[in-house]
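Some structures to go through are shown next.
Shared chain: chain A. Partners: chain B in the first complex, chain C in the second.
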Partner chain A sequence: MKRKPRRKVAVIGAGLSLFMRRALETGKELSYYAASQALETAGVRLKDIQAVVMATAPDAFDGVHMKGDWLLDGAGGVRKPYTRAYVGGGSGVFSIISGWTLVASGLFDLVLVVGEEKMSSCQPHPQGAFLTIFDHTIERPLGPNLLWIFSLEQHRYMSSYGIRNEDIALVSVKNKRNALNHPAAQVAANLSVKDVLASDVVAWPVHRLMVSPVSDGAAAIVLAAEHVARRLSEKPVWVQGVGWSLDTSYWGNRDLAYPRYVERAARMAYGMAGISEPRKEIHIAEPYDPFAYKELHHLEGLLLADRGKAPDDLARGRFDRTGELPTCPSGGLMGVGNPIAAAGVMKVCELFWQLRGEAGARQIPGNPERGVAQAWGDLMQIGTVAVLGVH
Partner chain B sequence: MAKPARAVRKMDAPPWLALRGSPLSDDEFHGKVSTTSWIPRLEYGWDAGIAISRFLEGLKAGKILGVRCRVCGRTVTPPRAFCELDFRPMDDWVELADTATINTYSICYVTWDLKPLRKPQIPAVVEIDGTTPRVGFLHLIGGVNGSSVEAIRKQLRVGMPVRAVWKKPHQRAGAITDILYFEPVKRHPER
Partner chain C sequence: MRRQRDNATTRSIAVGGLARVEPRVWRGAMPVQFLYTAGAAGERFFQTLKRKGIFTATHCEECRLTYLPPRLYCERCFADLSDTWRDVTPVGRVYTFTIVHVDREGGPLSSPELVAFVRIDGTDGGLVTRLLEIAPEDVRIDMSVEITLAPPRKRRGTLEDILGFRPARSVAKRPFTRR
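For the complex of A and B:
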């Protein structure tokens, strides 16, 4: 990064709704739960908020066109500068990046960022909403479904480096166990690798328990400019760097074994944060884990593990909550749940609590000072990265 | 209106405040709680575009066409009108072989709405011979026996050569499905 933003931006509050398979609440109501809680914990009122960024994934989930505008009321965006940040699964972390640009630029001092998803409305299964991401002429006539691109990518990752499915199943085990301590968790469980591999094969090599669930939920944070953050918060958590990058939509043309777009996004964020040795300087990571292998794939893209070696690190406990680099201490999407845009914001909420030493039973030891959150999505082509720290 | 089983959940963890939300059971969703449904009906007439139109005509004639970028030298298929990296026309057309290499494959046992498939689909990314390495595209693998993971994996591996199996000429419609699937190339022991 040649240019450094002039203004520092901090997270000063975070809030969540429960994550659920199916909520009685509407998307607006879920958004209101998370947004009002974030405001309350930040000690600010809605009238203090100068702009709102809303992240929510495909309109097709809700069957409501322009649902970003429809959700506005629940996100606290009425009569304010309001933006919908939307890059598919990458939206959650991208919304924080968008909020950060609004504050770092000097336009606003207090910005509310809300992520919401209500996937359960889409019948008979929200995967239906994803069928239209495939090219209408050269892919859709083959009868693809969303699982294909994940299972194809996982197999390429495994075959490139000689990784076994047992190694990947361990991600599900770790994250579902970590989620036992998360108050919003939808699919926390104490499972073994054997249990994961005994679950049905949905699209080999992907088993059912290697896939995150369908979820409804919301999450929110409050961003503040430095002078406001210091006044309002005893423990602001600073957004030290942000980065994002998209690769080609000709997804078959990419190196499926390595997410280069995540590396590009990470290098941008690390450069801004002044990080030259990410493995030493990052103490906690919340990589995006909608499928078990994605956590490992993304840790490599984030330069936090050698290519093809993240499974070995996982097996030796490096990524445990008490390990050298705890990953998804929240329980991630595999354990807490995957209301898509909300899940990315949830990861930033987790860094906020962990870096303040307030994560209760989930707290990682050793007073972590810096963490990274990452999300991924669109036609598996975007990496969105945010580095947060206490200084 | 059903009374939600659990409207708040308190726990010894941040954000310390109770989290709100009212999870519904399947039973509640399908009946007891008021739900309305809507089945959208949308129809689209898609244009195939400059490059893919020519590609589809090639398929109808039993040929896999590709294009080469004169700047970066990449040869790709399915073709595109311009190189997305160099932003120059990609108009050097070449006829490729109908053989390929498996980049990756999967064995899919469910439909998009998670209904079980008795005979699995085997999607694959294949790299057509004559294209630049790692320029793969999505198609299906066929011509393998059995339906279990074990049986299919015995017959397929990443890096294996495959060949297109075409529809009969009079059945071809100028569509990606003019290639039925790719099947493993049989080895001839005398070679």
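For the complex of A and C:
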């Protein structure tokens, strides 16, 4: 980071649609529900919004080419400067980074950020669309899908550090249980490790209940410059730091046991936030958990656990809602659901509610003052990180 | 994925003064199909069309806009329009039209097709549609047209229920005046 931005930016409103398997509502309508709720909680009207950032992942999920533009009216972007933030699965958290740059730069004072995905459109399965993210010459002739890659990565992670599949299944148990208290949740459940490991093997060592579902949904936040945030909000939640980083797009040239791209993104965000000891200074984390092992993998990349030791921390309750560092208190993608870009924005919404003490039955104890949200995506090699806090 | 050897592999072409071999190519596809929903507003629009043979629109009082196709919200002010439904007679005026001579791949059509954008009377919107029962040379911008629907029993609540628009038999009265 060359220079610290001078303008402070706050989140002053958040909104969420239900996450579900198949919505009657179009992606535009889902976006409208989330966006209008975010505006209402922020106490602003659409005409006050100066620019809109729309996060939505591959066009093929909704089955609409250039869907960022198609979603325009549902996101409130008509007749306004409007940008699509699109870094695959990382889009949700990247959209906050995009919105933040628009405000921190001094260009705008009030920006609406919306995330949407309607994956039920894509048949027989969104994996058909994912096929074409693989290199057409050296990978696609094999007919790969994402499950291959995640399973290969999880196995390398397990073998590098001596982790058992039982340790990883515990992430599904925790997150699906946390989601029981989330009103928008799609796949909340009270399960045991045994239940998770009794579910079908989709690609060993990954079992079905260690994979997030296909979902429809939308989420939104309102970002404001400091002088506007202080006027409009009694409890603004400040974006203290943002970071993102991409590793090489070649699988063979990456470290699969440790997500270095997440560490680079985290170090950028922590530097901006003035955090030198993340484990002491961060009170709540929403790491990206599309697969169970990914939460642990990402917590290590976020420097919130020692390498290979996140499973031990999980087993001793450190990441429980009442633990030392609650992780995915929302229920995460494993419990609330995974409408890709919307899921990342949902994580920021959760930090907003938790840091304001408004998370209801999900509220973590101890008046948390700072949290981190992280997402991951692109060609499985981007880390996007945002640090939010009450000061 | 099947790797294909292109027949032209050995054919030389000149690039920037240098002769080079045309590259080998192979094919790929994105193996997906789509299942769409009409949405909350769209479902009501098409069910009304199917059952009653008329359009239904939503209205924003503040922005003085009538949305057709209907929307649940106003795109200008984000007002909730879910209680503002009104019936609309499916008549309108040709806002613009074209006569299509070639298909998507550029091949000739056996007979040219008349495609128009029809503004629906009493609304601020309209539909792209086919023009029926009229020769291309007789179409005029702003002429009045009315809907031709599939017979009630054949309607499925989709866009295909609208066969097209034809010249209005009597000059349609505007249901109400805007602005």
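Note that the second predicted complex is superposed on the first by the 389 of 391 C-alpha atoms of A that agree within 3 Å, B and C clash if a C-alpha of one lies under 4 Å from a C-alpha of the other, contacts with A are read in each partner's own complex, and residues count from 1 in each chain.
Here is the rule we use: a contact is a pair of C-beta atoms (placed from the backbone, for glycine too) under 8 Å apart; a residue touches a chain by one contact, two chains touch by 3 or more.
Please read these numbers as outputs of a predicted model, since none were measured by experiment.
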{"item": "Room on chain A for both chain B and chain C (clash or fit)", "value": "fit"}
{"item": "Chain B or chain C, by number of chain A residues touched", "value": "B"}
{"item": "Partner chain(s) touched by A:147 [first = chain B, second = chain C, both, neither]", "value": "first"}
{"item": "Chain B versus chain C as contact partner of A:120, first or second or both or neither", "value": "both"}
{"item": "Angle, in degrees and to the nearest 10, that opens at chain A between the C-alpha centres of chain B and chain C", "value": "80"}
{"item": "Touched partner set for A:205, first chain B, second chain C, both or neither", "value": "first"}
{"item": "Chain B versus chain C as contact partner of A:182, first or second or both or neither", "value": "first"}
{"item": "Which superposed partner A:79 touches (first chain B, second chain C, both, neither)", "value": "second"}
{"item": "First, second, both or neither for A:18, with chain B first and chain C second", "value": "first"}
{"item": "Which of chain B and chain C A:128 touches, first, second, both or neither", "value": "both"}
{"item": "Which superposed partner A:139 touches (first chain B, second chain C, both, neither)", "value": "first"}
{"item": "Smallest separation in angstrom, by C-alpha atoms, between chain B and chain C in the superposition", "value": "5"}
{"item": "Overlap of chain C and chain B interfaces on chain A (superposed complexes)", "value": "22-25, 63, 120, 123-124, 128, 131, 136, 141, 143"}
{"item": "Residues of chain A that touch chain C when the two form their complex", "value": "22-26, 28-29, 32, 35-36, 39, 45-47, 60, 63, 73-74, 76, 78-79, 120-124, 126, 128-129, 131-132, 136, 140-141, 143"}
{"item": "For the chain C and chain A complex, residues of the former touching the latter", "value": "1, 3, 28, 30-43, 71-73, 75-78, 80"}
{"item": "Partner chain B, residues of chain A touching it in the complex", "value": "14-25, 30, 33, 37, 40-41, 63, 120, 123-125, 127-128, 130-131, 136-139, 141-148, 151-153, 155-156, 159, 181-184, 200-206, 216-217, 248, 250, 252-256, 349, 353, 358-362"}
{"item": "Touch list for chain B against partner chain A, complex", "value": "2, 4, 9-17, 19-26, 28-29, 33, 37-38, 40, 44, 46, 48-49, 52, 55-56, 76, 78, 80, 84, 103-114, 121, 123-125, 134-140, 149, 153, 157-159, 175-177"}
